[in-house]
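Shared between the two complexes below is subunit A, which has subunit B as its partner in the first and subunit C in the second.
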Partner chain A sequence: MIEPHAAGAATLATPPVAAAAAAAPDAPGVEALVDTFIAAHPGGHERLIPLLHLLQERLGHVPFEAQDVVADRLGLTPIQVFSVLSFYHFFTLTPRGRYPLKVCMGTACFVRHATRLIETIQDTLGIDVGDCTPDRLFSLEQVRCLGACGLAPAVMVGQDVHGNLDTKAMRRLITQLRSQGRREAVAAAKETPRG
Partner chain B sequence: MATLDPIEVMVDGHPVTALPGTRLLDVLRGLGLRIPTLCHDDRLTPYGGCRLCVVTRRDGRGGLVLACSTPVLPGMVIETHTPEVVEARRQQLQLLLLNHRLECPICDRRGDCRLQELMFEHGVSEQPYPFERPLIPRDESSPVITRDPEKCILCGKCVRLCDEVQGVAAIGIVHRGLQARVTTLLDRPLDCEFCGQCVNNCPVSALVARPYLDDTPAWLREPATTTCAFCSCGCQVTGETWNGALVRVTGAGVDEPNRGKLCAKGWLGWDVHHAPDRLTHPLVRRDGRLMDATWAEALDAVVGALRRARDAGHRIVGLGGSRLSCEDAYAMQRLMRTAAATPHIGLGPAGGARALVEGMGALTGAPRSTATFDDVRSADVVLVLRGDPARTHPLLKTELVQGVTQRGQTLVLAHALSGPLDRHATLRLPVHPASEAALLHGVAARLLALDPGLASRVHGIPGAGEWLASLAAYDAETVVRQTGLDLTALDALASVLGHARTLATAVITGLGIPGDEAAVTRAAVALDALVGGRGVMVLGEKANLQGVIDAGLHGEWLPGGRPTASADARAEVGVAWGQPVPPPAPVPLLTAIQADGGDPVGVLYVAGQDPAGAWPGGLRGTEAVAAAAFVVVHDAFMSDTAQQADVVLPVAILGERAGSLVAADGVRRPLVRLEPPPRAVPQDRDIFREVSARLGIAMPEEAALVAEMEALCGWPRPRASVQCLVPAEPPAAAAPIDGLLLDGSPQVFRSGSITDHSARLQELSPSVAVKLSRREAAELNIGDGDTVLVSVGDRAALLRARVDPEVRPGMLVAPWRARWGTAASRMIPGDEPAHAHIRRSS
Partner chain C sequence: MASAPVTITAAPLGVGDLARIRAERRPRLEARLASLRPERGVVRDVLVCAGGGCVSCRSTTLAAEFERLIAASGLSDRARVVQVGCMGLCEAAPLVLVAPDGVYYPRVDFSLARRIVTEHLAEDAPIGEAELTHERDGEVRRSRDVPFFARQLKIALRNCGVVDPLSLDDYIALDGYQALAHVLLETTPDAVLDTLKRSGLRGRGGAGFPAGLKWQFVREAAGDEKYIICNGDEGDPGAFMDRSILEGDPHSVIEGMAIAGHVVGARRGYVYVRAEYPLAIERLGHAILEARAAGILGARVLGTEAAFDLEIRIGAGAFVCGEETALIASVEGKRGMPRPRPPFPAQAGLWGRPTLINNVETWANVSPIVLRGAAWFAGIGTARSKGTKVFALAGDVRNTGLVEVPMGISLREIVHDIGGGIRSDQPFKAVQAGGPSGGCVPAEAADVPVDYESLQSLGAVMGSGGLIVLHEGTCMVELTRFFLEFLVDESCGKCPPCRIGLRVMLNLVERITKGLAALEDLDTLMGLARHIQRSSLCGLGQTAPNAVISTLEHFRDEWETHIYDRRCPALQCRALLTYEINEALCNGCTLCAKACTSNAITGELKQLHRIDALLCTHCGACVTACNRGAVVAH
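Moving on to the complex of A and B:
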């Protein structure tokens, strides 16, 4: 099932960052994140969504253990946190990839064959919508309008929007992101030498 | 506020005035207009979920607006029954049916369903949309409550009541769109307080209570409203009967004080009526064994013993209980004071009796609270002392949760125990056990140091000077040492009280709560006078503490709050009875029972208490019962005292009784018989009347007796106010803390001897266990389910351990009394905190 392009991923040592995200998020780390945020932003329950944003960004997802910490610090119960989290598709319970590929399925992108981009990603990475590659580098999601209809069809990767994509450009983007991930992993490994 | 001038709006072509800020729905309903709603509840913040309350607005931004969440504005033009309103409601009902499995003919709620009513009114019979209803299985994994997501219309009432009123937030709406549903985290079984508010307010039958599932349709059930008798809140509950059997209990609509709110005990505990171990026959001791007897034999034995003791001048002691109704208590004290001619009557250590008599009574001249639920609701700061009302007085807890979540009330919680209300407290002061009075004296001293002018507030009150002088002993250092709080916490309390516009204080009482309830009450009354608060509310442990004292079942107080010490008062009551009234007893009741000083008890007549089983070990209840020459017990169950008695008389309890109760707020409310007692056992007063007659003094018949009592008691009693102040007791030497604090005070599902006999409540409460915090569990290597040895001094018990994250470190929580063996009550010596040691024994 592994596509030729994915073979590269197999040779790539698991990047340290991805490894951190892959490991069960250790509770002290989450607690430190949440406590720092709480200290910097005095207030009440209105801090729930910004906190969930922060955790989604840092951890790649918001697991139940992290939700418990949020509930405890904000004086909510766990079900109240999950209720909000499950309402918004932005928050996920399973890890997102380091490069979450958000394919726009808004009207403009849809008529300009966004489905082909989905198919290309599925073929190249071997993952379905909602899934994450085993190396946690990529995940695939469909989103509603990104507000970049002029660039249709568009894909958002993290904070960056890539527009006017066709099948070939999509493959090129994936290759490019993969090598970028490898470079960053090597750099990170140099910075923090590990025994 | 100047903005409170009424404004004018047009409703259906008529000018109407309303106060600004009022919700449109309230204005329209105030005019008598029928505006349908499914998700609206007066006790909750507006939600706007069901969208059935739409009305047409003609001015400004016209169109359909939601009456429930739109405030009235000047010049608004509203029409309530335009064709588009009717059509919008019709379509909305059809949309709601997308989520609702229609099976009205066999539904548990047929005839009692808001959705069914509205569908009928609007001519809607089915939903026309081409969507499949998501199939979600019914959830029966929780105790008591069944959830049927296929009937849930997502009005969110259950979720919001659980959060805003009960303060538990055990459930939430998860996911969105057609997937949205009400559930617990990860669909686990419910682990909550089982207050039943979600079930009782579900407009459909998405939530039902299994104990109350029955085939009887709503229109065949006969409702009757009575007063709940599980605690002293005085909640109004509606019991529905069919063929004379109680088939359902709900909160009674909008009646005060609970306005439909309930707790687990008041909702489910009524199966006690039919407990298999109810006493149904009198028992008389013969040859050392208690044997079934006829009523005639039993009464002969009682009357014979009383007559012999009276004629021989032996001491007769009447120990009443605060579970008695006003009528029963009145009859008991009348029997004791006239036919038995004894001054030794009262309540002993019943939870709250000393707080009312030696606390409120000492400072106000009347043994009553000076604050009511309304004062607690409207105050901007509420100070709760000695315990967690979630465990003892659930209605007060919901009022406080609503105050904090809906009205921005400041809640200060000062006690040493653990409880569910901790999460909601604005200021949680975990003082050392039994140091609440020191905290209050200390903060009074601190407030006076910050603003010496405050003293002028109390200058007119006799004894104020001595009280102010006595506060000098409570300097910050002493208070810090006594309470274990730091100076910051003390200052935080002083700041809250100093800035409070209105303060209300609640004193929680109950057997097993450490500390002197009377001293805390006196300290609270004095502090209240100093800051100009609304008053102090003493919450008795059992239902009718206030009523029993009002009715005169207390050595120091005659009916109607007349002091027994006053010869005029005795004469006045004596005229009403046609009999002389004995002067007060020379010794307190507890001393009389314990027979200290060598004067033995000839007859101990107990109604509504269990000195042998339920008193703290240090009060020597068991020994007193054993030492008494003759013991008579009125009880519904075979209590420890009953087992040692010479005559046991079975009586009606809870909803089997007629009469009245006076709740902690001082309001007298009717007890209405919901179902007959087993084998037609009598009410307590029927026995007292018969005994009195056989002793030669006939009491009036029921109606005349009630009239006599009402004339003497004069309900509603006027509000009491501070008459004098007494000096604060000097600070006690701080006792060294050795071991863990053993907390045996009432728990959510287990509050005394009656709840122990409810199979439904037993299902909710864990088996006899000692709960400990995660910290102690880890330190002592104790796991869930381990057998542990708990010891206080030389008293010890083997219990099962349960690790509970709600328990504060440094404490153990054990049931005061348990049906199969006593736990905390035997280990805790008395008022003083009990420090326990725990170790694993398996």
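Moving on to the complex of A and C:
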């Protein structure tokens, strides 16, 4: 049977920012996520990478416990799952921020001074590449070409690409995202009254 | 991301339906290619570029604003808004084309949008001063006549920026799926193969292997389970043509693959797309669903006995997965590690079955060749490189964007005439062609015709077609270090020459950028380069030393200045720079002193600051921190 467009449909369902918001560490069952996917997509080990994409998207990272579930359901050993996961830059073991800042370090962006953007973020947020701010609002990553080379240097936040940035524009973007994050946090707190 | 819920209701199409849709819809599509101004009282299409670059300049919101303004002005029966794929001129994002007048408006904001609606759409009066123009030697050219558009010849990008990528009917209107119908109903696989071979089409993914020959190998390979793969990994940083084709004209890739499926005897195909391209994944996914609903993919393609269907596979951020055997391992759910060839994928590919793998742009060339014939295609280009090539122009060039030109045009024409030259006042230094596997062509050699062999003879490669234009402010040693760092990062680690050798090369180049190198280091570097070229397992390692070899060949003096004089002429290698504060510009804001982690900067608030050269670690943080450009490097 041909199960078309499997990976696409599965990973496109939720935009990552919304997903990151829902990604409490004990978010609704990794097991349920994995089992639903497995039931909808019959097949073999080739489902491993689409499954990792799904988890990365929904949880913001793929922790070891989630890897164990995947290994169990696909009939692999945990180390087999980890060996694949660790090969690909896209998957992370630690959570990304609500606004993952992916700074392009492709050639076009490099020659147009992307390094300065990374330094600006490091200075402004006090985090290194691969880290997340303590409030989990921002994380910093380097990526290799966003395909927006015409707008170099470019930074991707969630699924939005911001182009032609200089250090000032970068600082402005961070400020803007920070207040957006604060607003959304307030709105979310109103929606789910505690106690 | 604009993920509208997909509602696809088309009924399975037959060949008659294709002809009907074409007849009904063609005039509207052709009007989008016209320049019929000033045309009064016509129904207009407002094409808003929704290519990757324009979307990031909020073109989706702009399109919504046009919709709103048109409705509010009561013009709904005279103007329609269409979001199309990349029009090519990313520099002018967001770009809008009003058809059938053929007027381009660059950098459209809401207030210009309002004027376009009230003046151009309502009063039939194009806004001359807002139109895209190009002036040279006192001669002003407008819209389609500006050199950026006029010098191009579009085959692979024929529909990009013209059709709505979410509309199957738009694609059909411009002869879409006619080639597939022809292949299924009117000719034989051998005849198609013959056409492809005579056309001279070579793979656009890098190596330039003749496409017809590869198809023949797969057709002749034994076994009844075969696969087709589209390589949309586009890992070469600086290249975005595959992205634009998938985003702007996904059906052209589907059609090429379906034709190949019939010719080589494969019923199933995969499109491998990078995870960094969510929009491409979304639009291609939509196109696959639409094609399936219309009976173009599935168990009975266009109502015939032929079966063919496609799936998308999403990459996960590994450059080496663009290499065909690594890509296949990745589709199988494994680490994306290449394996030795032979056996080539044509004999033993995906799950050990014969597999035909071609690049996105290669696929997009297939149906025009089938429709218009081998002689037409072979009539374009040079003796050994036929047809056109799409290049991604980026870096320090004025018109960044996507261009498709006949093979054989010179690099200088691409950079100067189409690209509009360097964007700053610095002189043109070189073009980096082919990404990490490629090399730099110096400005003096820019008259080289672009074809596979000529570029190779200069130590660069066609690669996937990324062209990064560099001006004098770029340090070639630092650029080389950047590529080596990239390659060390992306080496899969399977073979020692690539895993260890590249790391040693990087260490050497880093020493040079820090002014710690010895004279013999250049020889060691060259020696290593030759060894790694010869002994690496896959194309990544085999081509990795190109970065070093080509800059050493063309810019040796720059390397030597770093080593002998411990100086970086382009002022990029930080360890070799000294910093100073310009007294005239410093306003004593203390930002630089705060940024300095080694306490090398002193000065009171609102007083001139000074840098202590002995304490300075050359990190450059003060340069970044200063808002007034007062910290200068020597």
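Just so it is clear, the second predicted complex is superposed on the first by the 169 of 195 C-alpha atoms of A that agree within 3 Å, B and C clash if a C-alpha of one lies under 4 Å from a C-alpha of the other, contacts with A are read in each partner's own complex, and residues count from 1 in each chain.
In this text, contacts are C-beta pairs under 8 Å (C-beta built on N, C-alpha and C of every residue); 3 or more make two chains touch, one makes a residue touch a chain.
Just so it is clear, the model here is predicted, and its values are computed rather than measured.
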* To do: Look at A:H162 in the shared chain and tell me whether it touches subunit B only, subunit C only, both, or neither; answer first, second, both or neither.
  => second
* Between subunit B and subunit C, point out the one touching more subunit A residues. => C
* Could you tell me if A:I79 is touching subunit B, subunit C, both of them or neither one (first, second, both, neither)? => first
* To do: Kindly classify A:H53 by the partners it touches after superposition: subunit B alone (first), subunit C alone (second), both, or neither?
  => second
* Now for A:F87: first (subunit B), second (subunit C), both, or neither, which partner does it touch? -> both
* Residue overlap on subunit A between the subunit B contact set and the subunit C contact set? -> 83, 87
* Structure fact -> The residues of subunit C that touch subunit A in their complex are 1, 3, 52-53, 55-57, 90-91, 93, 234-240, 243, 268, 274-278, 281-282, 284-285, 288-289, 292, 297, 309-319, 330-337, 392-396, 400-402, 432, 435-436, 466, 468, 470, 474, 479, 482-483, 486, 490, 492, 595, 620-621, 624-625, 627
* To do: Would you pull the subunit A residues touching subunit B in the complex into a rising list?
  => 64, 75-80, 82-83, 86-87
* Structure fact -> Per the touch rule, the subunit A residues reaching subunit C in their complex are 2-9, 11-12, 15, 44-50, 52-53, 83-84, 87-91, 104-112, 116, 119-120, 123, 143-152, 154, 156, 159-163, 167-168
* To do: Within their complex, state which residues of subunit B touch subunit A.
  => 163, 168-176, 183-186, 423
